[in-house]
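Heads up, the thing below is written out as structure tokens.
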Amino acid sequence: MRAVRLSGYHQQPVVEEVAEPTVTGPLDVVVKIGGAGVCRTDLHIIEGQWADRTGVPLPYTLGHENAGWVHEVGPAVTNVEVGDTVILHPTPTCGLCLACRSGNDMHCTSSSFPGLDSDGGMAEYLLTGARACVKLDPRTRPQDVAALADAGITAYHAVRKAIPLLHPGTTCVVIGAGGLGHIGIQCLAALSSTTIVVVDRNREALKLAEQLGAHHTVVADGTQLASVADITGGRGAEVVLDFVAEQGAEHDGFAMTARAGSYYVIGYGGTITIPTLDIISTERNIVGNIVGSYTELAELMVLAQSGQVTLHTRTYPLAAAPEALEDLDAGRVRGRAILVP
Amino acid sequence: MRAVRLSGYHQQPVVEEVAEPTVTGPLDVVVKIGGAGVCRTDLHIIEGQWADRTGVPLPYTLGHENAGWVHEVGPAVTNVEVGDTVILHPTPTCGLCLACRSGNDMHCTSSSFPGLDSDGGMAEYLLTGARACVKLDPRTRPQDVAALADAGITAYHAVRKAIPLLHPGTTCVVIGAGGLGHIGIQCLAALSSTTIVVVDRNREALKLAEQLGAHHTVVADGTQLASVADITGGRGAEVVLDFVAEQGAEHDGFAMTARAGSYYVIGYGGTITIPTLDIISTERNIVGNIVGSYTELAELMVLAQSGQVTLHTRTYPLAAAPEALEDLDAGRVRGRAILVP
Amino acid sequence: MRAVRLSGYHQQPVVEEVAEPTVTGPLDVVVKIGGAGVCRTDLHIIEGQWADRTGVPLPYTLGHENAGWVHEVGPAVTNVEVGDTVILHPTPTCGLCLACRSGNDMHCTSSSFPGLDSDGGMAEYLLTGARACVKLDPRTRPQDVAALADAGITAYHAVRKAIPLLHPGTTCVVIGAGGLGHIGIQCLAALSSTTIVVVDRNREALKLAEQLGAHHTVVADGTQLASVADITGGRGAEVVLDFVAEQGAEHDGFAMTARAGSYYVIGYGGTITIPTLDIISTERNIVGNIVGSYTELAELMVLAQSGQVTLHTRTYPLAAAPEALEDLDAGRVRGRAILVP
Amino acid sequence: MRAVRLSGYHQQPVVEEVAEPTVTGPLDVVVKIGGAGVCRTDLHIIEGQWADRTGVPLPYTLGHENAGWVHEVGPAVTNVEVGDTVILHPTPTCGLCLACRSGNDMHCTSSSFPGLDSDGGMAEYLLTGARACVKLDPRTRPQDVAALADAGITAYHAVRKAIPLLHPGTTCVVIGAGGLGHIGIQCLAALSSTTIVVVDRNREALKLAEQLGAHHTVVADGTQLASVADITGGRGAEVVLDFVAEQGAEHDGFAMTARAGSYYVIGYGGTITIPTLDIISTERNIVGNIVGSYTELAELMVLAQSGQVTLHTRTYPLAAAPEALEDLDAGRVRGRAILVP
């Protein structure tokens, strides 16, 4: 089969022929890929940023945001059958550690991460596990939903954690209306009646945010702190969801947070520097966020299949993977680039 | 009456004659002081650290940690009567803002803070409000419990927030076994079965911690990170309660926190500096903590009156306030210094 | 002033001249009534069902669902001023008991209930307290929102408690799409993405339910259990909100509840009879619901003022109170009857 | 091997030779039994009460409360190894349904229940699954902990759910200080500072309750409602844990519950009959409780291994199973009878 292979850091991956994966373990599942998202993390992988963390031997296949159809299942698999349409949780998990047993499978102590530390889904077939498969309505086109497998679940996870804080009368600031942010805004609108304020440098992104449910939009042109203070009567927002968390956003985020409020860090790259006096005197929280759990992906798919969360995507054939990566790097992709084998 | 008055910053307060306070508002309460705690914050006030924040006009009376007997009540007061033994929440609150109405009266939008921004309780009488009064068993000696009014409620508030995270099998690290920490340890032991690990520089404090319920003690001599890693099998602690949060403790605290765990900041003085990547990749939280609510003080008094939380105190007559402040500054007070008018 | 007075049980109240109320306590507030809802409980009061419970001396003024403008305030009132437009929480509370201090003021141990146990709001003026007043946008017409003061807050309270159980993919059954139910449906739609199934005997009520956000409607014609089973794939609903709870609804409600689900009782009149084996073997809950808290009323008003919750009302002049009560009793009122003095 | 086989309802099971179970599925585990609890449910099975519910073909082996050592594992088992000491969650679960994925594996949609619907653990070996195994300290004697596998986990599950309601100053009534209740009392004492009131007909059971942490004991001789009212100042208890729920206890339980409180049903056999007016006017809840989750069993084992929960047991050799069942039926067992093969 064909696959997008990375043979060395700091060089473009190439589409090559490799052997098809097959089931070996009892809970293994092989999925025929229908759509594989192209993510900024793929660029970071190529740049070598993840080399030491994952130690993955090269060459290997990229792609950690995948959906398709079940092609082969191991003998102990009972939740999906060959032919089922599925979206894949990014991390096949063990199901036996206490994190998995508590419903927090993103903290599984022995999971893998195809596309990061093993062969991923930018290929015709992907080897994953039964516990990663969320079965979908057979009419779903995998290419239309693949981006929910990683970008979507991460945004949904943060929003779901914040919802109990967002009763009517509160304000939620969303920093960054890009890949994750534009999903987060839709999740907020679906699950709460909070006032949604979206902050972004890009006016086009803010226009999209308005269409998706933002009540106020703020251009991040240096006046964003003052604008949020105005909108919130000087109090700040009960919740700030920071999908950027670098290049200054991480300072804005905490500063925009109200007394007794919570600042959710979802993006990364920057460094927060905060006096402990500022933390305690206002009793503000800084909340870490990672990819969501399997059940959160299942919930998000309910929102997607009922049309409450929609994605902006642009498709490329698998052979055009290098072009898609270049477009992403150059800022030419609106929404999410999806490879279709 | 006599009161401990601060007439200028950077000079010792003196005991002077001033007019007794009287009830003017319908919910006012005048309390005859039985015990007034001497707190490190009093030293900071004298040093002028709070001058700009409170803008309190000098001279004024110190003392924000008070207990005594009700002496006079306004016409709308129904929860206490003259003669009742009471401990006082530090902030008389409005009772009408949404924070007060939600049970979060420490976030009242129009409260005062006697001893910080108005006349406090290092005196024979104190003017406070009905909403600050927690009625006690008449056999309670105010001097025995006064330190719970500020140190106690702050420690209890943080512990109570953390309890839902501390099921059997978890570990809680307590940094600092001093004034607040030694109460926090007792609250943890009373309200959970978590494994309690106490970290302090002072071996005497660690001895006390063991008597109060610590399962492990760790000397903060530079090896504390390794020790906590050993105790937790390399995972870190699900919860870290940092009663110090300065002089390096604020770095230790986050580093000792397990994946998906929470670092509670209670002390202050230092500055945290953390890459957002470290926050999101492990999904750790940094939780701010301020003084507790009125109902938390009421709950803490239940623990105190049943002997589950006890205080180490040393009493001084009111006239010896300058001496008590000097002893505190010089590190000669074990437990809490209490002025008894 | 004119007031709707009940002089004896089992006889119609009459509109009479009585003295205007005036402020006597420091936290008293007199409100000029702009709208007073007519509730089925008023019929029950006239029938004498509440006589023993309240022991209110006759004659007295009916009306427990009120909105208007502040007319006079006591000297300690700081949250409203004369002229403010307000909706009134039904129970002026003490603000000092632990229930009030915890944000659960509906469990205040010393509140009154104007319209039930003292003079109510079917009059030109009503005496209430500062803690009952929720300040509104001055452009609000009290007659448009009065029904939220009791029917609305009760529905909102139950929905808000249920929201944490209603993640995407769940089903919520609403039994009864009348006065409370039609508000509950709107609250569910505003605050969740659950699938809303509405059960009612009345096809007109079901039509309204569809317009307000119901995804499925079920006629309660004897086939309702089977219909809900069909809709939920035989599992039942994670949450059932029963706004009827009499005449068989109380049996349907528990039967429609899924394993590990919760049956919320909001209406009343019937009696549940359930083997404890049925409760434990499926781990179902039966959840009691009373009127909401002050902060819940404030939140509901946010939904109302943004148009997310709207009311169907029919107004009557104060003098037509007997006619309004007759219309309600005869089933001639669609939505809520509102008296406008 | 020898096993305790039921060949017909209404007749004593007999100890017979049967084939040893062996691993067939990839996640199967065969456990050499070290202790198997004898439960009142075994008596009910013999009486045929479960015949229709489980449809288990006779003859089969009893025993649903088991601990021992791992004897053989399937090829996909990674959490235990041959030789490990284990206690077994009663229901091997699928690990793939949403209930399992959420940490609520007791609501697994495709679990089995060895000892009820398939061969159980009153035998030398038991076939179970990897997901049922909680690994223990190798020094643990299975016979000492087996009763925690069913009685213990059920009591712990209810207590754990109630803990957030049981802050200092509250009261928790425990009805029934027998098999489950005596564990529940210890869990309450370990995890809260609530005031524990134990109600039982048996004075010996109440003596034990006092030793285990009860603050008040009440003989259920007809005066129990008045006694609980006295102890709680007429308010009732915030939480009532009813380990009996038959023979009148189910009426006492709700009656002893305070306004806004919760009545936990854990035992079974009776029928509750409650007007919905009583439920809503006081906002009381009735909470169903089933066996706990795997992670709850793991937590309970932490309490057991640290000595915070201890069991009273009496051992019998496997051959004496009929005698043990007779002793249980005749009320001659104090604590729990345990078969040791």
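We just call them A, B, C and D in the order they show up, numbering each chain from 1.
Just so we're on the same page, a contact is a pair of C-beta atoms (placed from the backbone, for glycine too) under 8 Å apart; a residue touches a chain by one contact, two chains touch by 3 or more.
Since we're looking at a predicted model, the values are computed, not measured.
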item	value
Chain pair showing more contacts of the two, A-C and A-D	A-D
Duplicate of the A-B contact set - from C-D, B-C or B-D, the pair where over half of the pairs recur	C-D
Between chain D and chain A, distance of the C-alpha-averaged centres to the nearest whole Å	42
Chain C residues counted as touching two or more neighbouring chains	104, 298
Chain contact graph, described as a line, ring, star, complete graph or other shape	complete
Residues of chain B defined as touching chain A within the complex	99, 104, 106-107, 245-246, 250, 259-260, 265-277, 279-290
Chain D-facing residues of chain A, complex	25-27, 75-76, 78-79, 94-98, 101-105, 110, 130-131, 293-295, 298
Residue ranges of chain A touching chain C (in the complex, touch as defined)	160, 164, 167-169, 190-193, 298-300, 302-303, 306, 308
